[in-house]
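One structure is given below, encoded as structure tokens.
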């Protein structure tokens, strides 16, 4: 029951940007990312999100990380004193919540995740926000984006087992936990809680470099804001992430791409499928 | 009495840049924008202003915002201690004054607006500088640039009413308040205090994303400096803002444009109409 | 005895970059520029200098200005504690010294200029470093780059007088003061202490915007490092500065150029004359 | 026994980027670079490294340098408190270690080098990390990248001697010290501890400008991560460094290139030889 997600599917499911839309039409995303020694991940996921159809973006981060985001992306605003005020914040104004890039799996990250999971809003968890935990049933989807190493950690599964049985292990995990899992790597698999699994058909090893996962998190977050169907949003984000890398290697060595450059290619790659 | 402002009008009204001009010829603009958690709006309006014909630009802002502007735009200078010295500052040296982007409607913003409105100089008010207030007659034009939500707030008008009667409500407001109002959105309307209303003919939903309004404020501010006629300046700024977005979607998805990229397209879009 | 400096002259006098050169071959420039509320001028002159043939560049500035330069130009290094240690610094290791962009005519600037003028090294003075002073005979050239307003201030000459008699006034000033003066504006004039005056043949009002003068200072500084003949260096820098603006307006509106973009055009404009 | 390293050699030795690689496949590099008044060198070597095939990059530097690297390269992370914790750090997780760009030959640099040389990992030493010292036998290669001035300092050899006898002096030094030496300049020579010497066949005096050496250090560091054979990595890095400069001068003046722009050209230059 594994299907491939390919060009045809993307073309069929891409959203139109409505001619009478305003920024409110596409909602506000909140990304909780970045920390003192890994600030760049906040930058990467923020750029990716704003390139991917969102209306507005707020970043929740440590004070020290704010300058980096603004320097790259003056279009962003910030949640004042995010970690200090975390327990008193309400999140109802957001269309989607994302956490983890550039974060350790520390207390602050854990409190963020718990607060996010209490809402009915779609939640995307990556990197430091990926822990072994049991997920309560929620109205909005819970989306995890581990690479294989992270998946082993959150699932308790064995390396060799995963290698030989990627699809069924992933599908079982998604169904039993009631979450969506994007297992990243060559031919990224996306397993939904209803048992469906999709294999991505784009991407190459230009993506095998630090920061590309943070970019994907931002793209998924942004795409959820402009798609009607959140499943399509995820599948299209994964597809485009790989398609940009495929565009890169047409004229440039796969050894040389930087994660933030994925976003430079997205506008035209996306247009070509509209 | 509503007219459309189209390519023909722009061509007819675009200023020449005089061959023997120096930076003084085009005057100095002052933009009061940006705050600690919304610093990027200062950046966006500053870039837009300097791209739009001004001679020099000074930014009045909080100390914490200065680095962001310089990183993006080393051509700018600053008013030392702007908010601390606000009540002692004189503004006669400026050709145009703008306030609001990236500002809350707080005391500092209010004092700025009041000080600006005491001058005879053209004043552009946006975002946090838009409040319910009555406008004194002034020699220079007072220009408000609300989106519909902001217009409801400053006019006290009802949402449904505005929806069905955009033009007459706007025109009445402009005439009665003695101000110019740029009601932003699809087919932006500009109403002048003499009752004239113009509908813009460019733009698309690539603009439905955070920061595009800040960019427009900067463009209006800059254009006032290089146009002889301030009305033409406003109408052309609104036109170009939309025309850049129209240029974007020729080769790039409407979901992907960032507000600061409007300015990257402006130099050629402008040239094409000269 | 005024001559025009045109394409033919540039082609004839452009330096070759020697195939066995190393960075020492082209020397180290020192630029003393930038201050807390005018930091961008340091950035602009530094970029321009490094684009113009120098071997290495050191910037002497206030601590607060350093970040801006590095963000735009990681190739630069700094003089530690420049203003604090000014009176104890020696400048013999430099090929050329420049001061003034982004500086008030304050004590620190004055001390800098005095220290520079005590050396035998070429000195370029602009903006805040331009004051009414008498110049001692030095071995290296002293180069002033005033716009008309600044020239009136340093020469004590009357506005109307200058207007009608630009060339002879300038020439007299240069001869009597023993300095080289670059009187900027449309058709920039360069007067040498031997009485020769050259009129530049490039440039347009895209240059009538804040920051373009800082860029010129940097270009002159850099060109002195790669030319054998310092007079040619100045004339070629002025020529290229204008030629880049002429390149801009071929495809882009003259109202839209930013000073730092002059440098983006220089590499190809220069190549085309080699 | 000197050979030239030319296009044919590069084509033969360039690594493929494996289609099922992940960032771990290409390892993590550590670069210890940058200091308060020479922060840009850290930026330059970091960009170059991430462009050159590495999986991940960590930068070990002074707190004040971190912002500059992130502003240019959000893909990087940092070693918390690098110099404070230096003596307690372990380096086993790294694929390659580099030190020196933007560093004085001070105590902290010396302790870094000593700690690096205690490992079995390839070590690249440049600039401030180049001192007169004797090298212990190590399992991983020790790579020095001096320009002629630095080579004189570390070898105690005379200037004139080196000039007339570049190859044999270098080769002897490499064999006797058991290190690899990249003697930079026109026709850079690389001498391996087994006596082999290679002459590079690319490059031009566009490289005679501050910062180009820092870029080379980063390129060597990154290439070691994606090559199976570390000797090929070095020779290809030197080759590409020059080839990018050769690409530059096809359309742009040799006087105008900035060191960070080498990296902008690398992706296509590399692709063209794959």
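Residue numbering begins at 1 within each chain, and the chains themselves are lettered A, B, C and D in the order written.
FYI, a residue touches a chain if its C-beta (ideal position, glycine included) is under 8 Å from a C-beta of that chain, and two chains touch if they have at least 3 such contacts.
A quick map from chain label to UniProt name: A, B, C, D = ADP-dependent (S)-NAD(P)H-hydrate dehydratase.
Since we're looking at a predicted model, the values are computed, not measured.
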Greatest separation from chain A - chain, by CA centre: C
Length of the line joining the C-alpha centres of chain B and chain D, rounded to whole Å: 49
Euclidean distance of C-alpha centroids - chain A vs chain D, Å: 35
Multi-partner residues of chain B (each touching 2 or more other chains): 67, 71
Pairwise touch network: line, ring, star, complete, or other: ring
Pairwise chain contacts under the document criterion: A-B, A-D, B-C, C-D
Footprint of chain D on chain C - complex, ascending: 15, 17-26, 50-57, 66-67, 70-71, 73-80, 226, 266-268, 270-271, 274
Partner chain A, residues of chain B touching it in the complex: 36-41, 43-44, 67-68, 71-72, 147-149, 185-186, 204-206, 208-212, 248-249, 251-260
